[in-house]
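Shared between the two complexes below is chain A, which has chain B as its partner in the first and chain C in the second.
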Partner chain A sequence: MKLECKGISKAYGKKQALAPLELTFTEGIYGLLGPNGAGKTTLMHLLVGLLAPDSGEILADGMEIGKLGATYRAKLGFLPQEPGFYPGFTGEEILRYFAKLKGIHQPQKKIATLLELVNLTDDRKKKVGQYSGGMKRRLGIATALLGDPALLILDEPTAGLDPKERMRFRNIIGQIGFGKIVILATHIVSDVECISDHCILLKEGHCIGADTADALKENIRGKVWNTPSDETEAERYVMEHACANLIKSDTTLMIRSVSDAPPFPHSVAAEPNLEDVYLYYFNQSGRDGESP
Partner chain B sequence: MLYELKKLFSAKLVWGLLALNLLYMLFIPFQGLRHNYRDHIQSVKTQQKLYTQMQAAYPQPQAMQDALEQELLRIQQQDWTTDAPGIYGETLRQDFFAVNGVYEHVRYLVTQVPHNRSKIIKEMLYDMSQADQSGEQDWFTERSNALAIKQYNRILPLELVSTGIHEGTQYILFNYTMWEYLMLAFLVLMTVRMFTMDLISGAYQMIHTSKHAEKSLFFRKFGALALVALLILLFHLGVELIANCTILGLSGFHLPLQQLETFEMCPYFITIGGFYVLKTAMKYLAYLWVIGLTAWIASVLRKPLTAGGLGLLLSCGGLVVHMVFYLRQTNVTARKIYRVLRMLLPQGLLNAREYLQTFDVANVLQYPVGRLQLCCGITICSSILFIMLAYGRWCRIERRGYA
Partner chain C sequence: MSLLWDEWRKITQHGKAMLILSVAMIAQIVLPRLLPDLTELPYSDTLYRKFTAEYGGAYSAEISENINTHLQEIQTICAEYGSVQQAYLAGTLTLEQFKTATDAYGIAQAELSTMQYLSEKCAYLDGAEDFAKSIFYDTNIKRFLDDIGYPFLLVLALLCVIVPIFDREYRYGIHHLILATPYGHIPIALCKMMAAFFLAFGASLLFSGIQGVIYLIQVGAENLLQPLSNLMDYPGYGQTTVLHFYLTDALYKACCLGCGCLAVCIVTMLCRETTISLFFAAAVLMLPALSVDLFPQTLGRYLFCGMGLTEPYPANCNMRLLFVILLLKAAAYTIIGIRLWCRKR
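And then the complex of A and B:
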């Protein structure tokens, strides 16, 4: 499957949520990175057909997705940012209901496998109203995976998951990602770094970078610095520069920063990671579980 | 559809509204029947017994009528208001009411129906001949007269049997408007809930990105609502029939509707059973119209309160307008407006009786068309239109920027 965004844009009133975008997705796992308000959710909603672009078109294997209609939706699995369920349904009933909506015949076996995959087998008979936020998200992931979709779009899939669940989710996506297009939007950099083949950086509705994680890291080689420091110096540096990470060890304090030139004479160039890429492009922190 | 029903009834409030609806449906008839339940049964039994005796003794209708007249005179000559022992019932007073009831019914069947129909036909023929002579051609009147002659000039297979008593009571007990208001309000609220619950719960994002999110889901939702309305209606009909048959002695469902005096001037050939089917079908049409209209409103507005308010205004409001002009029929203008309303407003179908009591036609391009058929046609067409509009809106959820 090939998904192409040809000059798609979207505005909400006067606010331009997405500037004209040119993107092509083929089989692989794509991480959409960007701070809140960058246009990630808008792009996802355009890709799943919940929104129509103001200009441009989205093509699936050369056909406009609006014209494909149910044929396109049959290949689609979508996890929204806040998946809503009916509190009176049990987890299993939710999956059976969505299996019906997706036109899956005899879904029992698939449902059992998915419940096992997202660790909800023991809670399958429990009403969704009694589920925790993490359980609901896991149920949402299972729902998105129903029908083995060729195109899987996940909006903030790991939000609200504990570290163990997040690890499990990464493994799931790693397992099922082969031969599919998986697009996941997040501001948790480590998720993208662990499982994505490609990264797309969105900032204020513009695509400011789209490449493999390694290529993006390579772009900022020589711009990441480790500076051994004391507390006073570190405090002053952090006050003056928003884009700084402080790494504490038992005896030393290390300032990790991203800039074109070394911040201190004694700064040492470091191996860039995806978090540094995030810092470099967005001038913000993108650490696990934090909202930059 | 079962999942849509489960979604619909997943809130306790819905069960509460349903219970309120059913309780109110049953409360008035049973409240009314509670006081004179035994009297009704006794009276029915006495009349049925008398009818049987008379049929055996006098096979000829005219002879039966004469005999009943004599019997009525005999009772009237006695002090029939006392509790003196009777022949057919326990007291002479019961005898009087039974004989009078059967006599009136036999007189109606044997004399009144043929006489009045013959009179109408003669009058119509006279009018037509007068119009021919004057040379003034009023196509509608001419066609209308010809249709009336055709409709009334037929032999009705009426039978000299008891079809129950207190025919008016049946209507008072089971065709009261207050319950209809409640039923319409119930349907509006259910429809609004059905078509906005996915948005409120947030599930719409996942639903509308599923393969069968459009046509199939829309019609499953509509079907679930139509099923709920049908089940309530059938329950209402069942209760009505059980009460009418057991308490009021309604019988002879295979007989023409004109067997009941209220429908003497009904121009259609329809049985009593057929009337109940027609009445139910017409109510169902009106309910489907309300569901279609509200589904469209809910799909456009997508806000439960606004959609519910507008739905209530258009459905119950229409019924209020209908009732206001029904009650003001003494005024000529109001009567004319009422006739137009009965033709245009689907709420009129909630009272089928009104369409079947007279030769009730409207002038459509100089052709006489029954108001019943017109109202049914308008209701069906507008329901289809509303359903199509609602479907169109429902499918365009992705184009509405709700994401």
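And then the complex of A and C:
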């Protein structure tokens, strides 16, 4: 499957949520990175067909998705940012309901596998109203995976999950991602770094970078600095430069910063990671969501 | 069908919908009975029962003559009582004779209004169109039919159950998940609207059924197969029997309410907010019924007041036209509802 965004843009009133975008998705896992309000959810909703672009078109295998309609949606698995479920239904009933909506016949086996995959087998008979936030999210992931979709669009899939569940989710995506297009929007950099083949950086509705994680890291090689420091110096530096992380160990304090020039004479160039890419492009702390 | 069943389960599992509807139905039936009956009959009900038994049966010239003769006798007694009094004062009547005349006058006075009513009924039947005319005790039927009004409590309860059908999806944010599935557009919208229609239709029919059963338990099935036109307040219904009229009225109201609830679905999709939806849905469902008098006997009555009349359907109501209009309205509401559900913003 091939998904192409040809000059799609979207505005809400006077606010331009998404500037004209040109993106092509082929099989692989894509991480959509950007701060809050960058246009990630708008792009996701456009790709799902919940929103109509103001300009441009989205093509799935060369056909406009609006014209494909149910055929396109049959290949689609979607997890919205805050999915809610009917509190009176059990987890299993929710999956059965969505299996019907996806036109899956005799879904029992598939549902059992998915419940096992998201670790909800023991809670399958429990009413969703009694589920925790993390359990609901896992149920959402199972819902998105119903029908083995060729295109998986996940909006903040790991928000609200504990580290163990996040690891499990990454493994799931790693397992099932082969031969599919998986697009996951998040501002948790480590999720993208662990599982994505490609990164798309969105800022204020503009795509400011789209490449493999390694290529993006390579772009900022020589711009990431580790500076051993004391507390006073670190505090002053952080006050003056938004783009900095402090790494504490038992005896030392290390300022990790991203800048074109070394911030201190004794700064040492460091191996860039995706968080540095995030810091470089978005010029802010990468810890506004959850710690990686 | 399976999706429709799921919609039904969503309605019944969430918000104790059935409890709300049951309480509303019970309250709608019980509360009016707790209010004092202020309706004054133009006759004595006891005497009316007695005379309808005496003169009852298939209406004929002989019955009419008997009633009118009886009335004339009463009127004569009443008219002559003044002179009887004068005669007694003048000493031309004995006390015994005066007592007998006074007793007769008292009886005549008591019977006068009832016999006048019966005589009016004879005149009405004489002038009425052709149907199986009959004299029978009909006060209970009249009272029962007069009490059929707009079931406000039931309508309010229905609003509380119908509004969440679409509102629930927006409130929980689950509509995005549904809309991203192959059957999440037209089929699901259709199922939701069908669920809304059948719920309102079923609730209204059930309510009418309960009312009917209570009547049967209290009064019995006597005279239900008599033509309704025998009742003076219901002229023009031809051979339509009381039972047929009630069943048609129940069906008519159920269709109107079902159609109205489709409009409620549209309001919910436009508002996407529970409180505002409830407010506007109540207006959409109730205002046409309350403004029924603005459209007397016109097409407007069919178009705008079809959502539930405050009284039984009128004799000149063209049922075919009404049901065609209801069908067209239901189809239009369904199409608009589907478009609203599937629309991209």
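Definition applied: the second predicted complex is superposed on the first by the 287 of 292 C-alpha atoms of A that agree within 3 Å, B and C clash if a C-alpha of one lies under 4 Å from a C-alpha of the other, contacts with A are read in each partner's own complex, and residues count from 1 in each chain.
In this section, a contact is a pair of C-beta atoms (placed from the backbone, for glycine too) under 8 Å apart; a residue touches a chain by one contact, two chains touch by 3 or more.
On a predicted model such as this, the values are computed, not experimentally measured, just so you know.
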Could you check whether chain B and chain C clash or fit when both are placed on chain A? clash
First (chain B), second (chain C), both or neither touched by A:248: neither
Which of the two partners, first being chain B and second being chain C, lies in contact with A:97: first, second, both, or neither? both
On chain A, the residue positions that both chain B and chain C contact, one per complex: 45, 48-52, 69-70, 73-74, 76, 78-80, 82-89, 97-98, 100-103, 140, 143
Tell me, which parts of chain A touch chain C in their complex? 45, 48-52, 66, 69-71, 73-74, 76, 78-80, 82-89, 97-98, 100-103, 140, 143
In the complex formed with chain A, which residues of chain C make contact? 2-3, 6, 9-10, 13-14, 168, 171-174, 176-185, 188, 344-345
Could you pull out which chain A residues touch chain B in their complex? 12, 41-42, 45, 48-52, 69-70, 73-74, 76, 78-80, 82-89, 93, 96-98, 100-103, 140, 143-144, 147
So in the complex, the part of chain B that touches chain A is made up of which residues? 3, 6-7, 10-11, 197-198, 201-214, 217, 397-399, 401-403
